Amino acid sequence: MTTRSVSAFLAPRRRLQLAGLLTPPVLWLGLVYVVALAALLVTAFWTVDELTGQVQIEWTTDNVVEVLTEALYRTVTLRTLGIAVLVTVLDIIVAVPVAFFMAKIARPRMRHLLVIAVLAPLWASYLVKVYAWRALLSSEGLIEWAVSPFGLDTPGYGIVGVVLTLSYLWLPYVIMPIYAGFDRVPDRLLEASADLGAKGWTTLIAVVMPMIRPAIIAGSIFAFSLSLGDYITTGIVGGTTQMLGNLVYANVGAANNLPLAAAISLIPIGIILLYLAAVRRTGALRSL
Amino acid sequence: MQIGRVARYVLGTITLVVLGLIYLPLGVVFLNSISTSETLSWPPPGFTLEWWGKALHSEGAFEALGMSVMVAVAASTIALVLGTLAAMALSRYRFFGKESVNLLIVLPIALPGIVTGIALNNAFRTLMGVQLGVWTLIVAHATFCIVTVYNNAFARLNASGTRLEEASQDLGAGLFTTFRLVTFPHLKSALLAGGLLAFALSFDEIIVTTFTAGPGVTTLPLWILQNMFRPNQAPVVAVIAVILAVLSVVPLAIAQRLTAKDAEAVSR
Amino acid sequence: MSKSPSRTALRAGIATAAVASLAACGTSDSGSGSEAAASLGAAEGTVSILAWPGYVEDGSNDPEVDWVSAFEESTGCMVTSKTYGTSDEAYQLMQSGGYDVVAASGDLTLRLIAGDLVQPVNTDLLENYDGIFDFLKDKEWNSVDGVSYGVPHGYGANLLMYNTDEVTPAPTSWDVVFDKASDYSGKVTAYDSPIYIADAAMYLMTHNPDLGIENPYALDQDQFDAAVELLKTQRDSVGEYWSDYLKEIQAFETGDSVVGTTWQVIQNSITSGNTEVVLPDEGATGWSDTWMVASDSEAPNCAYAWLDYIASPEANAQATAYFGEAPSSQEACDFRDDCEAYHAGDAEYAEQIWYWTTPVSDCVDGRTDVECVDYSEWTKAWQEIKG
């Protein structure tokens, strides 16, 4: 069959076209990802042979009950959530004015430079940047040097350090969708609003914000979910801080207890699914 | 747009300060790369070019770089194909379960890397019974890269509407011809932007990578992680990071230029 | 695991049936179901090694640091290697399979043996085994019931490091990180692993003899709880836990940490000059690493070749010097000029070290009337200690 005849055969058959388009990606994601996730969730209800560390298919709710009832997991979940929310909020506060400047004030030439400037640090290796932050936060670091004349101290290694470092790492991921969001707001709309007598800030809040809300939420998904699962940054600048990622990691590795790790994973999975469900209607999922 | 002079200056200053903050840690990395301290200690006790010399002769780093590029190219290519197909399906057709498909595409990036990592690790080893290797890594990366391509392509397809495609078909062009001559040229820059983001995402990923790369598969982030634990290698790692950040400007600039040209063409 | 090792061996036409088929045996009976190789055959051509960073260097990171190339040339076994950051990560990687040889610390070896991930090693087949220090051979972390599971590589102690400006007088006891830790609140550091619970248990051996701890890796529930309690108190004073030594070096150089556990190599790398290390009166925990052969190894001959090579004085000296630990033989010291700093071969010094051993429910101190707390409980407790 030639391409032409395939094309002629398919042309009137929209369902078949759709099936052709949809099958590869859905099959891929289904086979690779959904199956893997489902298997992980099932594993949460299995046990581990104490001697060999092999996963055994013996149904139990012990792991899940342990995760739900023990104080350790509650504390760490709340701490992780707090850190993730703080990081997200901080990133949005910083990203919105920058993205607005890039999209609506900077001239085209400057705009291109700014986009490159924001994206370039993404390539300078995550780990190297975290170690750079370790140097910055140290009691002999740049931050201490800069703030000590004002009688302040570096936050040092701990939750504050983790929040600052994570915000730094994910900032480009938050700026870019918001920038794209502002870029999609037509200048004419702003002008019309101004012509009708709205002041700058009123325009911004009443007209622009609702339009870029999906973009902001899209950015927040990045910052929030990347923070929720992090365990490497916590290890380097977190002092004694533990996050959910550390617990999952420790249980896969140290205890070699995949079922318990899977049970702990249910927490971030649940949080993210709730979050996605809440923002689904805003169209944010299409702005990532 | 009517933005007051004060507001312009305020926003301009904020942007400048934020950019300054973004580059401050990178400045630290650069100083580390020429510091005589082998452990990234601050402040640098002295300066040397020793690490640059070592880095440029580090076979391990270049092999890892090659591996990272290979994995990122392969993963982005798969993501480009799957992401484009999904975007076409969701933007041009109506069907039941659209939201679910959208969620399915977003999920791999929205769920924490460690969850994706252990889920895939478990699935590869126990369900499929395959040895971890370079392919498992590529499959894992492609899975979370689909979303960046999909979103860029979807936004472009939605913005452009279907009129041109309909016209093409009315004039007798087949489905594939229409795609090749009408849809694709229009989509090109969006795909480039999405592909580049996918490439970057794969290139610097470490958590999922830790769990899905087989023995002997060392991507650059893994190499960096390993060398952070080796004596006297930390400054060499800093050199590599500086080189990467500087080099990344080239593809970014090219992509920007192409996207900008395209965007102008679209708006005209 | 997808391929049977014996089939691979046959296909390659190598007469190593003994190695291969026995390696495929799988019982969880502490490895007594599998036997070591009786003889060796031709090299398979490749060997995949899992090790601590700095153990398998082929010059690709630093052209001057290379002891793999010589091995490849002399044996024809091409080496691919992967490194790990903690014993726990190594365990996970070994489970994924695909490695022929692993360098395991004592907190990993018994787990690997119990999980049937490694096979017994016939040390008679290794020329360089005889030269190894006797005090490293046939220990509870590298053998089970007299069956050897590997070759000792290097060893060292988890010493006490302190900042000479901040911590005076010079400490001789671990009490500066336990009972007196609050003096240095926020600047105490400790090793970030469940195995660190043994450090607290060892401290209690001296300071709370009523508990009756005989071996810090064999703790019954009461003894274990006491150690955990001690660490929970300590946590209030801990600034950070460390696992990679870059972090530890930075912290001591900047003064973010002033007292805590360390390794000799860290002291050697610190340039600020105001730190000292000491082996306190209570003794210390430490590690003695072992080269082991994976039970599903498809290249047992190359694996044995590596075990023998890395035990040879020159290669052992290069590897242990680069990593910063004592070598496994006196002959190796001929190729090193820093053996003294590491107290290599000093049997008395070595005796004060409680080498990392995996805690299992059969108490390793020989008690049979109680059940000991196993490593999975140690892990859970460690997470709770960190909170």
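Letters are used for the chains, namely A, B and C, taken in the order the chains are written, and counting of residues starts over at 1 for each.
We adopt the following convention: contacts are C-beta pairs under 8 Å (C-beta built on N, C-alpha and C of every residue); 3 or more make two chains touch, one makes a residue touch a chain.
Only a predicted model underlies this, so the values are computations on that prediction, with no experimental measurement involved.
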Chain pair with the higher count of C-beta pairs in contact (A-B, A-C): A-B
Distance-maximising chain from chain A - centres being C-alpha averages: C
Centre distance in Å when chain A and chain C are each reduced to the mean of their C-alpha atoms: 37
Chain A and chain B: spacing of chain centres that average the CA atoms, whole Å: 14
For chain A, residues contacting two or more additional chains: 131, 134-135, 138, 140-141, 252
Numbers and ranges of chain C residues touching at least 2 other chains: 95, 246, 250, 254
Chain B: positions in contact with at least two other chains: 40-42, 225, 228, 234
Residue ranges of chain C in contact with chain B within the complex: 1-2, 48, 50, 52-54, 59-63, 80-83, 85, 93, 95-99, 244-246, 249-250, 253-254, 265, 269, 271-272, 322-324
Interface residues, chain B side, partner chain C - complex: 37-42, 45, 54, 57-61, 63, 121, 125, 129-133, 214-216, 218, 225-234, 236
Interfacial residue positions of chain C with respect to chain A in the complex: 28, 86, 88-89, 91-92, 95, 111, 114-116, 192-194, 235, 238-241, 243, 246-247, 250-251, 254-256, 361, 374-376, 379-380, 382-384, 386-387
Residue ranges of chain B touching chain A (in the complex, touch as defined): 1-4, 7-8, 11-12, 14-15, 18-19, 21-26, 28-29, 32, 40-43, 81-83, 85-86, 88-89, 93, 95, 99, 101-116, 118-120, 122-123, 126-127, 139, 142-143, 146-148, 150-151, 154-155, 169, 174-177, 200, 203-204, 206-207, 220-221, 224-225, 228, 234, 237-238, 240-242, 244-249, 252-253, 256-257, 260
Of all residues in chain A, those that touch chain B in their complex: 3-4, 6-8, 10-11, 14, 17-18, 21-22, 24-26, 28-30, 32-37, 39-40, 43, 55, 94, 97-98, 100-102, 104-105, 108, 112, 114-129, 131-136, 138, 140-142, 168, 171-172, 180, 187, 190-191, 194, 200, 221-222, 225-226, 228-232, 244-245, 248-249, 252, 258, 261-262, 265, 268-269, 272, 276, 280, 285-288
